[in-house]
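I've put the structures underneath this note.
The same subunit A turns up in both complexes below, where it pairs with subunit B and then with subunit C.
After this line comes the complex of A and B, so read on.
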């Protein structure tokens, strides 16, 4: 294999990895803080993608600007859903198991509703727009601008998320809540407010991810579910509730997938990706990074 | 006693009158079908559904279908339910349409899988269904008496047409990739032996899984082999992905064929000028000399503001036209009589005249289409071509 091909694989791995990291981080934030599995995560990404698509095709709004607008829309959705459904549920004082299983059903319902709302508004047609389709050469490897852009934006967001969680007071409080909920409450952390913050953050990142993906892939109301699955795999690899772990696991997953199929065959993609996944579950049931980081 | 008897007679009379009146008062033809309004098939089903809606509107604008049995034109009314892209739901829907809704006629559902699933219902109730969005050589094995298929894209005939075109273009080397999905695989089964039989050198043959998110590695490898022709037996998500990333890796084959999705509505807007020279399958063009072909395009664009799917919308509309003509010719809504007419007669459609041989439409040849100057042209076979093949395909536009 020549150097050009190796670089190409490395770039592709980085691009896919950054997207997977971004997709997973939102899911893990909600799971980490609230212990709720948001299986409507992919649908929130889908909403973000549609907002960007619609703004671009109808009003010529630059998809870059839509990164903000899409996440604004999904933050509002997150705010509403959290305030009227999940906060009252958590406050109701029911057992954790019953809240978790109810939340799973509720998120499932939300995903169905969102998909069908999008079908009503935009129909089930496949849609897409052409943006930043120029090709640049990096170290003599051609890369399409929209993918390069997705990589850079995803990287920036991941870095911001990292520093937010590590350095800011709010981020530290969220991490405290993830690690030990009862103790966090005891030392005066306002858990309700943090639930809301992490919910909105997760939804905002999902919306932004959607806008980013809409520049590369085509859209359909059913595009979300595969991302939910990928996000699950990544957060289990990185450790449930371990936000930083899932960022790293996203890159690992992207690399495994890309390198795996280029040294073997694309037909083996699922076997390789899920083989690694099963291996990790068998030998490190708490994920590569467990609850640490 | 007499009074009671009289009351009884009047009552019976009334009941008979009502029942009869109900029959006399038949004021429309209700046509039932199940449609993938949601679920994975929904994007592909949209063009089919819209063709049904357009047909309904146009027929009713004309006053409906003339049914001799009732001595007048009857407007049509579509009765449909969402099958969520699930075969078992579709089967239930057709059972309900026939036994509960008691519809007069049936239209076809979406996708090969669901056509297969619904087939036993058509047999059980002897209900004539003109299938449209289904293509599989296995449909022939059904030996159906009440189910016909208007498509000419059966894998063996479709791949024969493609390879014949490659022979006429004097292509030497071919790279083939396919997604692990039923229809592309079926096409692959015929394509490879045909290519070998045609003396082509197959420089690469690879498959890739559904849901693939990156084609760069596959395409780079194909580029490294430098084939004359690149054949991607793809389905919509990866068709779009391949078309975008083939430009990224700068792979410029002289002939580039994609299977499903390259004639989809979103393909043109998504690719822009890069569509030039991309080939795909199908067997319709508004430019072909078939009566109503151009009008279909115009009416469709006027109603839905997008061009029809050259395959799904056309096939769906053609199947409506056949049912409509069969009713007018048979002069009745009786299923047995309709079946006889559909099985035997020839029907002019927007896709040319169609007569079934068994359950298959052998009259329409399999064709190869190609994007040229933003429109899709028929380039093969030459008897029905609307344009000459653009070969070699121009390099990808510079951006």
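After this line comes the complex of A and C, so read on.
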């Protein structure tokens, strides 16, 4: 293997890793604060992607502008779902276990509903559009512009999310809620409001991720679930509520997948990522950094 | 006292009558009716087998489509090489063997992690079969020729469904069943009382995987064409769960009722508006989980309670 192809793998790994980190941040926020596992996360990404696709092909809206519009749409969806379904459930005061398993079924139902609504509107055909398909040379390795762009945007969003959680008062309150729910409530943190905020943030980031992905990949109503699985692996590896951990774990998973694919074949991508998922959940459920959960 | 005994005899007689009715009806009705009944029996079998694991122990599985798919594939591979009932048995056994093989590590995982793990495992199985088809065999799916007629399949499924219900019933009444319930209530407490929870869960998973294997094998013959996307479809698991929750997972006849009602609804929608049907199922699941956690049987219970209250008030 020469230097060029090694660099190629490194770049692809970085790009995939930044996207995975971004996908995982959203899942991490909801699971961290509310202890709800959003298995419809990938479907929210899918919605964001379809909104961007639709705006671009029908009205010629620039996908960059769609980053905001898509996340706006998914934030509204998140607001409705959270207000109607999940906030009353958390307030109901049932045991945490029953809330968790019920929430899982609800998210499962939501994912099926969203997938089929998208099929009704846009049919199950694979769709896509070309945007920023130019190529730049970095260290003599050709990189497509839209991938470079996805990498940069994802990195910027992750950094913003990191500083938001570390430096602002709201972010600190969210972290407090992630670490110690009861104690956070005791010191006067309004948990209900923060649940809503983190829910909407997570959905917004997912929508934005979708718009970003729509510039690179083809869209299908079934594209969501693999991202949910990936995000789940990444948050387990990186540690719960740990955004920096998600970032690192995202890159690790991106590299593992890229190397795995380049050693075997692209057809095996799903098997590799599901295999890593199963391995992680069975043998490393506390993450690479040891604590968490 | 006597009325409750009488009630038991009557319901027993009713069940016997139902079974006889189901045995006789294929000879007097059209192929369409038989195919609807066959679908109902399929879903009854699947929900009952799901109940043995998820209803009894509380380990919610979203991966039963994998067992269904394994059964279908074993049938597709062995079809015309061995007699047909034997292949169904082998399909069921291989699905059970797989469950036993993965059982111990998988069942160590608890709660929401278990749920998403089962979903991931069934997708993993799906992609392995897709790769096997594309890269090893160079095909997409398999066609089964010379399949038995629909009435033969109907009777196979009738037998499978009855055995499944019987099995679930016997387990529920047994010491083993009580052990499984205690795992649902509080696994650590059950363990400390001397129940070997890991063996119990492992057996429940194996038994629960046996029947979807048999049903998958039979359904492969019914469909005559299978590919990994259709037999490992997560929608199969989704439908099992909605039907079970819709009927109410607290009791055995709940899922049966749920399977009957939702299959009839799907009969109406599936052919023309499959996506509407799945959206409706999703909405039903949301409503059941949010508002009626004990399913439609819960409504009957409410009526029962209301009746008792009325009686009580009258006596006063």
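One rule holds in what follows: the second predicted complex is superposed on the first by the 262 of 293 C-alpha atoms of A that agree within 3 Å, B and C clash if a C-alpha of one lies under 4 Å from a C-alpha of the other, contacts with A are read in each partner's own complex, and residues count from 1 in each chain.
Here is the rule we go by: a residue touches a chain if its C-beta (ideal position, glycine included) is under 8 Å from a C-beta of that chain, and two chains touch if they have at least 3 such contacts.
All values derive from a computational prediction rather than experimental measurement.
S.K.: Give one of first, second, both or neither to describe whether A:152 is in contact with subunit B, with subunit C, with both, or with none.
M.R.: Once the two structures are laid over each other on A, A:152 reaches no partner at all.
S.K.: Quick check on the superposed pair: does A:270 touch subunit B, subunit C, both, or neither? Answer first, second, both or neither.
M.R.: Both: A:270 reaches subunit B and subunit C.
S.K.: In the superposed arrangement, which partner chain does A:119 touch: subunit B (first), subunit C (second), both, or neither?
M.R.: Touch partners of A:119: subunit B and subunit C.
S.K.: Taking the superposition as given, does A:278 touch the first partner, subunit B, the second, subunit C, both, or neither?
M.R.: second
S.K.: Is A:143 touching the first partner subunit B, the second partner subunit C, both, or neither of them?
M.R.: A:143: touches subunit B, not subunit C.
S.K.: Touching A:68 in the superposition: subunit B (first), subunit C (second), both, neither?
M.R.: After superposition on chain A, A:68 lies in contact with neither partner.
S.K.: Report for A:220: first if it touches subunit B alone, second if subunit C alone, otherwise both or neither.
M.R.: Touch partner of A:220: subunit B, not subunit C.
S.K.: So in the superposed three-chain picture, is A:80 touching just subunit B, just subunit C, both, or none of them (first/second/both/neither)?
M.R.: So A:80 meets neither subunit B nor subunit C here.
S.K.: Which residues of subunit A are in contact with subunit B in one complex and with subunit C in the other?
M.R.: 115-116, 119, 267, 270
S.K.: If you look only at subunit A, which of its residues touch subunit B in the complex?
M.R.: 5, 8-9, 12, 15-16, 19, 115-116, 119, 123-130, 133-135, 142-144, 147, 216-218, 220-222, 226, 257-258, 261-262, 265-267, 269-270
S.K.: Okay, in this complex, where on subunit B does subunit A touch?
M.R.: On the subunit B side, the touching residues are 37-40, 42-43, 45-46, 180, 206-209, 211-214, 216-218, 220, 236-237, 240-241, 244-245, 247-250, 261, 264-266, 269-272, 274, 306, 399.
S.K.: Once bound in the complex, which stretches of subunit C touch subunit A?
M.R.: Listed in rising order, the residues of subunit C that touch subunit A are 58, 60, 62, 105-106, 108-109, 111-113, 115-117, 119-121, 123-124, 127-128, 130-131, 134-135, 234-235, 238, 241-242, 245, 275-276, 278-279, 281-283, 285-286, 289-290, 293.
S.K.: With touch defined as at the start, can you tell me which subunit A residues reach subunit C in the complex?
M.R.: 37, 39, 85, 89, 97, 100-102, 104-106, 108-110, 112-113, 115-117, 119-120, 225, 229, 232, 267-268, 270-271, 274-275, 277-278, 281-282, 285
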